[in-house]
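To keep things simple, chains are lettered A, B and C as they appear, and every chain counts its residues starting from 1.
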Amino acid sequence: MPRKTRPVAIVGVGQTRHSSHREDVNQPELVHEAVRLAIDDAGLSLSDIDAVVTGNMEMFEGTHQPDMWQVLGNGAWGKPCLRVSTGGTTGSTVFCAADQLVASGLHDVVLAIGFEKQQEGHTTGGITAMADPLWARHLQTGALTGMAALEVIDEFGLDRARRAAMRYRVIMDQHAAKNPNAHRRFNLSFDMIDDLMQKSPPLVGELRLIHMCSQSDGAGAMIFAAGDRVASLNRRPPVWVQDHVTVHREETLALAGVATYDAQGRLETTTQRRAAEILLARNNIDKPVEEIDVFEMYDPSAWWGLSWIRDFLLLEGDEHLQMVERGDIGIEGRFPINPSGGVTATNPIGATALLRPLEAALQIRGDAGTHQVPRPIRKALASGFGGTLWTVLMLLSKDQPNN
Amino acid sequence: MPPKKLSDELVHREHMARFPQRWSTGPVMGKFLQALRDEKRILANVCPRCGRSQVPPREVCAVCRVEAMQFEEVGPAGTLRSFDVVFYASPDPVTGQSREVPYATAYVELDGSKGGATFWHELHETDMSKLRRGLRVRAVFEEDGKRTGAITDIKYFEIIEGGT
Amino acid sequence: MPPRVAICAVAQTKYVRDRWQDRVQGMCWEVVQQVVRATGIDLAGDDIGAVVSNSDDFFDCRTISDSAITDVVGAHFKCEEKVAQDGAQAVYYGYANVASGSSDVVLVVGHSKESQVGDRNLITHAAFDPFYTRPVGLDYLAAAALQAEAFLRRFGITDADLARLVSQQRGKAARNPLANERNPLSPEAAAVSPMLADPLREAYVYPSSDGAVAMILASEDRARQLTDKPVWITGLGSSIDSFFLGDRDLSESVSLRQAAERAYRMANIPDASAAFDVCELSDPYAHQLPLWAWQLGLTDDPKRWIAGDLSRFNPSGGSLSGTPQVVSGLARTAEAVLQLRNEAGDRQIPSAKRALAHGTTGPAGQQHCVVVLET
């Protein structure tokens, strides 16, 4: 059972319309849009907010210490305002920090904000600058890599791997079509898979443009409240933060599939699988596919999304491919993944890892509208991705956890 | 005159940010870069606890969280463990210039390195269809007098024809 | 009840203008090793529940600056979160991480290498919005100068007053072996140092600085195992002011008063004026020491305060002696802890029991964080 000084619930959420070009707003205005929606959703006013946690990746917009300017729109004036930033995982780092600020007793009501305005800089160039300047910066191409595809292809053969990845992508697009806030909605269908496999422009190796996440302008905001405040903030049902786990890994991506061991002699694995092992064990979840109702995964590409299903759900062999091939991950399937359309549809990076638990919370509340999973949702999983394949895994619950 | 639409009043401001930067190597990376420049040798450092090689060498072994100050020569030949063929032209943040595509980057397990560590560098090959895991490759150094103590003192890796 | 949270060990590099011999990784590793040794924790094991790092992508010229230091802070296959503001905020978050029950032990590591960037003002210029304030050329130095002008005028504090203050603070830095700028400076020499941004002279502005700070935070049970001299975090307060300088009265600071009030309430301090044996304030610009002292309630007359006995204020020499902007509040906290542990060497304030540490982020002190520490 995870330890927590006091329980914490999500009592309000808001997100902007996401788009490649939100030219109608500047950075603080974009943030404010999400903040206003979250405040209204919770039935609160800004004066009810005790503290703000915010995050983005400042190299994308080229704004140093962006929380300074954003105070014009983020509602933090006169309040404690913490800025955390961990790359792609930023949104989930914001989530974890907001949860901990409330659980610690420091603050009763905390507003968490993730934002990015990718249009205002060069996204791939911005990500490339994460590589070490002495030995890797001249090599990296943002977050674009075909190596994830190479792994799946080596294991399952070229045709099956390509089809599964594209099927995954089509399912995501079908979900995005149901989500009015989603950025990219192409109306893809399964009969287009052969065509897409050949005609979508290649980016890196087997990674094609259609597989890759978008570059979006957008913001998300969530309001966290202490358990004893929830009764008085009951405009919508609370969603409880049951647990979260953060697993980073070393600076290089230099291991070539050779098994290595950590300092305790445990087999090194992916951060996805390690995070899932810790989180699921701590919460007595033996069969995640059966005990969890929906998963909002940070899937930066269809290839990564496809292969991480296996790690996150602690599956073996080709079970994850089968899930995609059978359509289990569809909104009406056995284990819906990303009913929002996920990250291949919508990716304002500093917000992306916050939009995952935000969408998961909407599902638990039954407030996801046209992309609501058509059955009761009691437990939802959400993940963040960033850095050098870092993972944050979050577990939300309709029922108050007894920790 | 029809009334102005909101979008008619939107203005963009273009700005190119540049910051002069200067990087220290530290003793570990410095030893590595100096060996490239002065001796055309690739050095890995070896973790005293788990024995894995790190190339390029870093200050500590991330797994065991101990300093690794013992160095061993690895390469210059090795085995291609993974690779990327890049078609998308993105800017090189070191120079600001757009890169020429396609190019390939390679993760090479250099001969003599232990623990499965690979070294990331450019792979020079005009026929990208040749690339597959397990190929034998070797480092090609910049010629004498032109090496500066930079990672680019290795110009690129190339496929060893007929190599097994 | 949330567990009490203590700082169990602190370490700082010596602050220097140019740590040319190391990457940031080397600086961080140096201080991480020191706190690991001091507490006997096993860096390779599961002792540390989370790492809170503190750095800045712009000053590191590196996107996701914390991805560079994952290895040296021992965060491989572990939780690490980066606070991208002044380091006092990392203490704030580290406290929350422990008090929330998430971790028993948190390692906080901050670093900044200002020598990597050609000109600090180019970096801080980018903190201004691209439409109104960037085109007029603002940076943090210019903002601090506007603030100095407003504050000095309000209280009739003169250039000579500031020169005497700077000289006095430099004398303290000379007793701190970790300080960056330790050369004695007479008031006369300070008063003729080159004008950078009127009324701020070169000697009134902190020198470009490289350095790293680490500390171990722990819950009460663990703290008593890790050290004989835990220093308790008893008060925390933070606040951010409005962005546009014209929206603020630069001769004072609403956000610092709010941060202080919150920290004092948490620590049950009704009157701050005599509450602290030692205060470590982030004063990268000389006029900010009296300004912050006033807004923290340590004096109600900053002009008279300057002329008084300042021995318990920034005995380290303060940020003015040269700590990197990003980790300044973390460095101040570390100095306050050294004082409370009676480990401050030649700069020790005798029998210090309660200390205040302060950090600030943004133009003209837009954001503030106050930490109250007790033995």
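Simple rule for what comes next: contacts are C-beta pairs under 8 Å (C-beta built on N, C-alpha and C of every residue); 3 or more make two chains touch, one makes a residue touch a chain.
Since the model is a prediction, treat every value here as computed from it, not as a measurement.
Trainee: When the mean CA coordinate of each chain is compared with the mean CA coordinate of the whole protein, which chain is closest?
Mentor: A
Trainee: Among the chains, which is located farthest from chain C on the basis of C-alpha centroids?
Mentor: Farthest chain from chain C, going by C-alpha centroids: B.
Trainee: Roughly how far is chain B from chain C, going centre to centre by Cα mean, in whole Å?
Mentor: Roughly 36 Å, centre to centre.
Trainee: At what distance in angstrom does the C-alpha mean of chain B lie from that of chain A?
Mentor: Distance between chain centres: 29 Å.
Trainee: Starting from the mean Cα coordinates of chain A and chain C, work out the distance between those two points in Å.
Mentor: Averaging C-alpha atoms per chain gives centres 33 Å apart.
Trainee: Tell me, which residues of chain A touch at least two other chains?
Mentor: Those would be 62, 128-129, 133-134, 249-251, 262-263, 268.
Trainee: At least two other chains touched by the same residue of chain C: list those residues.
Mentor: In chain C, residues 23, 44, 58, 61, 70-71, 76, 123, 126, 130-131 touch at least two other chains, as defined above.
Trainee: Where does chain B touch two or more other chains at once, residue-wise?
Mentor: 15, 17, 21, 23, 25, 29, 58, 62-65
Trainee: Can you tell me which positions in chain B touch chain A when the two form their complex?
Mentor: Its residues touching chain A are 6-7, 10, 12, 15, 17, 21, 23, 25, 29, 33, 49-50, 52, 54-56, 58, 62-65, 81-88, 90-94, 99, 105, 107, 109, 115-122, 133, 150-152.
Trainee: Per the contact definition, I'd like the list of chain B residues that touch chain C in the complex.
Mentor: Residue positions touching the partner: 13, 15, 17, 19-29, 58-67.
Trainee: Would you mind writing out the residues of chain A in touch with chain C in their complex?
Mentor: Per the touch definition, chain A meets chain C at residues 3-5, 26-27, 51, 55, 57-59, 62-69, 71-72, 76-87, 93, 96-97, 99-106, 126-130, 132-134, 245-251, 262-264, 268, 271, 274, 386-388.
Trainee: Once bound in the complex, which stretches of chain C touch chain A?
Mentor: Listed in rising order, the residues are 1-3, 23, 44-46, 50, 56-58, 61-64, 66-68, 70-71, 75-85, 89, 92-93, 95-102, 123-131, 236-244, 254-255, 258-259, 262, 361-363, 366-367.
Trainee: Which of the residues in chain C end up touching chain B in this complex?
Mentor: So the residues of chain C in touch with chain B come to 19-23, 25-26, 29, 43-44, 58, 61, 70-72, 74, 76, 113, 115-119, 122-123, 126, 130-131, 134.
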